[in-house]
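Chain nomenclature is as follows: A, B, C, D, E and F, assigned in order of appearance, with residue numbering initiated at 1 for each chain independently.
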Amino acid sequence: MNWAQIGERLAEATGLNALTLGHGIMLGVACFLVYLAVVRRYEPLLLLPIAFGVLLANLPLAGLMEEGGLLFWLYQGVRLGIFPPLIFLGVGAMTDFGPLLANPKTFLLGAAAQFGIFMTFTGALLLGFTPAQASSIGIIGGADGPTAIFLTSRLAPELLGPIAIAAYSYMALVPIIQPPIMKALTTKAEREVVMEQLRPVGKGERVAFPIVVTVVTSVLLPPAAPLIGMLMLGNLFRESGVVERLTTTAQGELINIVTIFLAVTVGATASADRFLTVQTLSIIALGLVAFAFGTAAGVVLGKVMYLLTGGKVNPLIGSAGVSAVPMAARVVQIVGQEAKPGNFLLMHAMGPNVAGVIGSAVAAGVLLAMFGK
Amino acid sequence: MNWAQIGERLAEATGLNALTLGHGIMLGVACFLVYLAVVRRYEPLLLLPIAFGVLLANLPLAGLMEEGGLLFWLYQGVRLGIFPPLIFLGVGAMTDFGPLLANPKTFLLGAAAQFGIFMTFTGALLLGFTPAQASSIGIIGGADGPTAIFLTSRLAPELLGPIAIAAYSYMALVPIIQPPIMKALTTKAEREVVMEQLRPVGKGERVAFPIVVTVVTSVLLPPAAPLIGMLMLGNLFRESGVVERLTTTAQGELINIVTIFLAVTVGATASADRFLTVQTLSIIALGLVAFAFGTAAGVVLGKVMYLLTGGKVNPLIGSAGVSAVPMAARVVQIVGQEAKPGNFLLMHAMGPNVAGVIGSAVAAGVLLAMFGK
Amino acid sequence: MNWAQIGERLAEATGLNALTLGHGIMLGVACFLVYLAVVRRYEPLLLLPIAFGVLLANLPLAGLMEEGGLLFWLYQGVRLGIFPPLIFLGVGAMTDFGPLLANPKTFLLGAAAQFGIFMTFTGALLLGFTPAQASSIGIIGGADGPTAIFLTSRLAPELLGPIAIAAYSYMALVPIIQPPIMKALTTKAEREVVMEQLRPVGKGERVAFPIVVTVVTSVLLPPAAPLIGMLMLGNLFRESGVVERLTTTAQGELINIVTIFLAVTVGATASADRFLTVQTLSIIALGLVAFAFGTAAGVVLGKVMYLLTGGKVNPLIGSAGVSAVPMAARVVQIVGQEAKPGNFLLMHAMGPNVAGVIGSAVAAGVLLAMFGK
Amino acid sequence: MTDELFLGLQTTLVGMGVTFLALSLLVAVSYLVAAAFRPRSTLEQQAAAAPGGPPVAVIAAAVLACLGQTDVRVTAVRRLEEAKAWRQSGRAAQMQARRSTLEKRWR
Amino acid sequence: MTDELFLGLQTTLVGMGVTFLALSLLVAVSYLVAAAFRPRSTLEQQAAAAPGGPPVAVIAAAVLACLGQTDVRVTAVRRLEEAKAWRQSGRAAQMQARRSTLEKRWR
Amino acid sequence: MTDELFLGLQTTLVGMGVTFLALSLLVAVSYLVAAAFRPRSTLEQQAAAAPGGPPVAVIAAAVLACLGQTDVRVTAVRRLEEAKAWRQSGRAAQMQARRSTLEKRWR
């Protein structure tokens, strides 16, 4: 090699010449997301690695997400639909479905709150998105990260970055988004309803529950099986009480490892050319619509239940049906206590809250059945 | 889309139309296995995820085990022969070969107990199984799950479900299967033999042991190398005392993660058309033969040793040679104490018990050498 | 089958006939490495599994590293460049860059110490190695195992075994290699310099640091991005304080699992025909040169800083620039206290020490840019 | 525009319909599960706690048949003794096998 | 021989040059980072500790607009109350939700 | 039928033969290992506990030769001092480097 050749080689290799304004803006976006995660504490477990993934994907010439790059390999776990169900395995191992078993009617609140998904789907269609893309945008309203990532990786992987970012950001903003809607749609009398204590739930029920939920939902709607199946396997580990080692691993090291890989690579799908579009702004706006309509629909069904039960159901718990576990249930608790200090709605809200996880997975199954390949 | 098209799409998507009697029976089998695991505590660490795998594989149209499905991907770790050796890595990190080093003659009891494998092989041939299938059925008598799964995934993957279920079920039943055989084959005088205390084993021996075992068995019989090699690597981690982090991981999170993936996907090989056959019933019957003959052969060699040593060896410890660590060794302890309260045979039985793990891996190596592709 | 066929089959299968002198010598090498790891405690976390990998790869006919073998599959994580960055993720989560942030000038000492890499590169060229091979040999002087393995897996995978063994062995020998060089190049007055205490470093700086380091180094030199990016992601997890779960996993179970797989398979690249060559001896000799020159260059720049700051910098801390964290920094402490008991240089040496990790990754990036495919 | 709106409302209807159908089914099976387990739950747990059980005799008989043995009595008393010995052994094993506490059963 | 030596020295020069360049840049940005964060660090942390903040009003307004609601007042006072209730609820939740302590948020 | 029986018995013979051969070899090597380690085990451990050792002088000499240095004395006394200082440093380091306790060596 002569000096000129070396100079050429280095000039080709350095990213300085390839640096574009787009890269610069995306690095700014990444820093903003780090700020939201670290300073504002918006879902840091997901948003911090997502932010760093955005940064890594926008380093010129580093090629980490190109075929053969480090993040490309790790991304296969998302692309093949492996990571989101594994995260649901851990979520299932963490989730107590007891409040739902104690009051199964609250399943319906978890169904109603999926309304935001389909309204947003319609809105996205009207804004010119394809049905597959609109489905992925609508699912933001499910307020379940793994479900959103699973569906989007199947229907519209090109939108994975903005959808995941919108989903986790709005989940973090649930305490700000929901209360005004909840109050606008309810009377003070409704918010003051004290609900009767939940019955205790036995071990037999707890063990049978994940099995029957898996069978019923998966037979009815097979595309929901990977998510529901793994969620319920994790829950069966938990409730069986005989495989503590596996429960601990599923909700501990396994979910942590998968979260790192999933979040970094989902963030890394947000390259400048894909992310810096009007579509991204639309997605962010539509995501807010999704959360708002989901909350509203949950509360409205809560009001219906209030009427049908002669005032035994506090309609606020309907808003927890969007899931965003356990944040949305805590919001119910707060808004309820504002209306009537000492009223304890948290456990009542946990029923629709965990039902919302199942509801969103079912909704994702419907969308996959209708618009999947 | 018009309404008819949507109806068609959903009718195609739902599993209700595809549900067969076979699916229903398999879901019943899955529930029975959950019952065995949770209520009867039959090897729940393996049998519970296996049961759920059976369930997931028999959800109509869910396609979790079809190319591209979630369990299909996880199953590659079984198909490529990766998961069973990794489980052996953890088993090695948990295993104390000290009792075997203190009394190396008990290695021979771990050899004798492999007799059940080959008798069952013969029986399976006579029932019309191919040599490769018969090998996989015989290996149930090894009473080592990972060895059985490793060999079967190589020789007769179509039988993986029933073989794994039979292997783990009979392992759980060792306290019921073995005692009558042990008592039928021994006199009370033999069962009352008190054995002299084992010598302490130094660190040097403990570190050298996994190395020489790997070299000797793998040079003699290379197909046994993946299992023996990983078992001994785990044991070297343990005995070296200088890599505690790796020992902890090998016998903790790593084995847990691999167990979840292995057990669920092994269970998921049991689709209705493969499982609901006369073969499955034959396998379950033959598995019992395998355990019974293995136990008997171990005890018989124990009796020979009793004679040759002038009564210094209690023949009961031979039955521990089938492995099923540490259950079979505990059975020896119980049966021994029934004959002579206060007699402590547990540590003496641990020698043949862990030797049986090596013995089965060697037997699997022979079968692979003879009937492998 | 008749008896002759069975005999033939077994004769083909056993490794006894295929055993060569080369295998025997390699098994001896493996035992020697076990001795170094267990008795001498040379980097046992890496050297013990590497040693066992050497052993496993030299079992005749076991074929563990051949296509389809167990270690072949695990090795893909090395071949595709996945494992070394994941180890750096954990290293980043363990590393405190505070001392470097408190005194950023010490970055330059981490640059100077990379001189050993390039001198050794030149030496290797003169001994007849190709530029790609010479780069991989030179990187031993970086005293960073993952960097060495990452670069070598890309440029000269055929040398992976000896290079990894040399790298980790010399890292363990840092307390023996460095002191004579440090003393030979410094006066007693220089070694007695007491440095002023480091300022405390705030959380904001700590969080911003991994981000700016990633951006600056990766934009300047994209091939360094996988290593630097993951190192800094781990550090961001640590310093953010909001993702403790991920920090714990990155520096715990994840790094442990990856270490087992990486070390065993890197060791397993050392088959007899590749390892028992004059090249291996050259590599071992050159590796020592690399460490020696790196140390010397660090100390020399330390002396320059001593002069420029009017004696405020103790030149000994330059030797810590080779990295080998935290061993080299401890050596500085020891040699410093020999000259002036009570002088506490450890924290001052940690700056160049962790800078050396970044420095080596940059040097690896340069070599990849110049001699990569 | 009209097409999109139509598809949107259609999907909303179908989607919400299926979601409500699925979760209504789950309401129903949840009540069934509760009904199936609530009254018997304490009995069930007692049964679970009892060592051995129905399959024991069958399998023991099969084992003996398989070995051509008929002179061994399989009685309920025997099984209870076993269970007792088992607990004793368990305790003794716990005291001694300090090194193998982690040996949950994989083999 | 000469060629190898030349390539070696050339690479040494280039390699050490780039390494020093990169790490010098890092020296520079480290000082910049220190300068950017040191004076403001305590203020920053106070800001971080405060619940809600600039985006709150914007988003709340957007939510309301989106629902066609205008009669709900979005005031600073309101937000402080929320924060207080939040903390109370947090405490209560902690006491009750014993089983879900591990439920960090993935959903 | 006869064929299957023959293959079965043949395989049993060969299989049990190889298994006994392999495990008999392991009996033999186990005794060898025991013989090799038992008498010397305490000495071995002492050697292991001693810092530095045979390779130290060789490598130190090589390092010096490589640097063209000859005026540095490599003595046994020197090494012992190092070991002492090492322990001191270790202790001091432990007290200070609170944040890096987990830093087992990977680099």
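We adopt the following convention: contacts are C-beta pairs under 8 Å (C-beta built on N, C-alpha and C of every residue); 3 or more make two chains touch, one makes a residue touch a chain.
As the structure is a computational prediction, the values presented were derived from the model and not from experiment.
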_As a test of understanding: of all chains, whose mean C-alpha position lies farthest from that of chain D?_
C
*Compute the distance, rounded to whole Å, between the mean C-alpha positions of chain A and chain F.*
50
*asked:* From the mean C-alpha coordinate of chain B to that of chain D, what's the distance rounded to whole Å?
replied: 21
*Using mean C-alpha positions as chain centres, tell me how far chain D is from chain E in Å, no decimals.*
47
*asked:* Taking the mean of the C-alpha atoms as each chain's centre, how many Å separate chain A from chain D?
replied: 32
*Using the touch rule from the top of the page, what residues of chain C touch 2 or more other chains?*
6, 10, 45, 220-221, 245, 253, 259, 370
*Spell out, as numbers or ranges, the residues of chain E touching 2 or more other chains.*
7, 14, 18, 44, 104
*Spell out all pairs of chains that touch, sorted by label.*
A-B, A-C, A-D, A-E, B-C, B-D, B-F, C-E, C-F
*asked:* For a test of understanding, state which residues of chain B touch chain F in their complex under the given definition.
replied: 100-101, 104-105, 107-108, 110-112, 114-115, 117-119, 121-123, 125-126, 131, 134, 201-205, 208-209, 212-213, 216-217, 220-221, 245, 355, 358-359, 362-363, 366-367, 370
_Touching residues on chain B, where the partner in the complex is chain A_ = 6, 9-10, 13-16, 19, 27, 30-31, 34, 37-38, 41, 44-45, 48-49, 52, 55-56, 59-64, 68-70, 73-74, 253, 256-257, 259-260, 264
*Which residues of chain E touch chain C in their complex?*
1, 4-5, 7-9, 11-12, 14-16, 18-27, 29-34, 36-38, 40-41, 44-45, 104
*Sort out for me which residues of chain D touch chain B in the complex.*
7, 10, 14, 18, 44, 47-48, 52-53, 55-56, 59-60, 62-64, 66-67, 69, 71-72, 74, 81-82, 85-86, 88-90, 92-93, 96-97, 99-100, 102-107
_Going by the contact rule set out above, which residues of chain C touch chain F in the complex?_
1, 3, 6, 10, 39-40, 43, 45-46, 87, 90-91, 94-96, 98, 143-146, 171, 173, 175-177, 179-181, 183-184, 251, 255, 259, 288-289, 292, 296, 323-327, 330, 333-334, 337-338, 344, 346-347, 350, 357
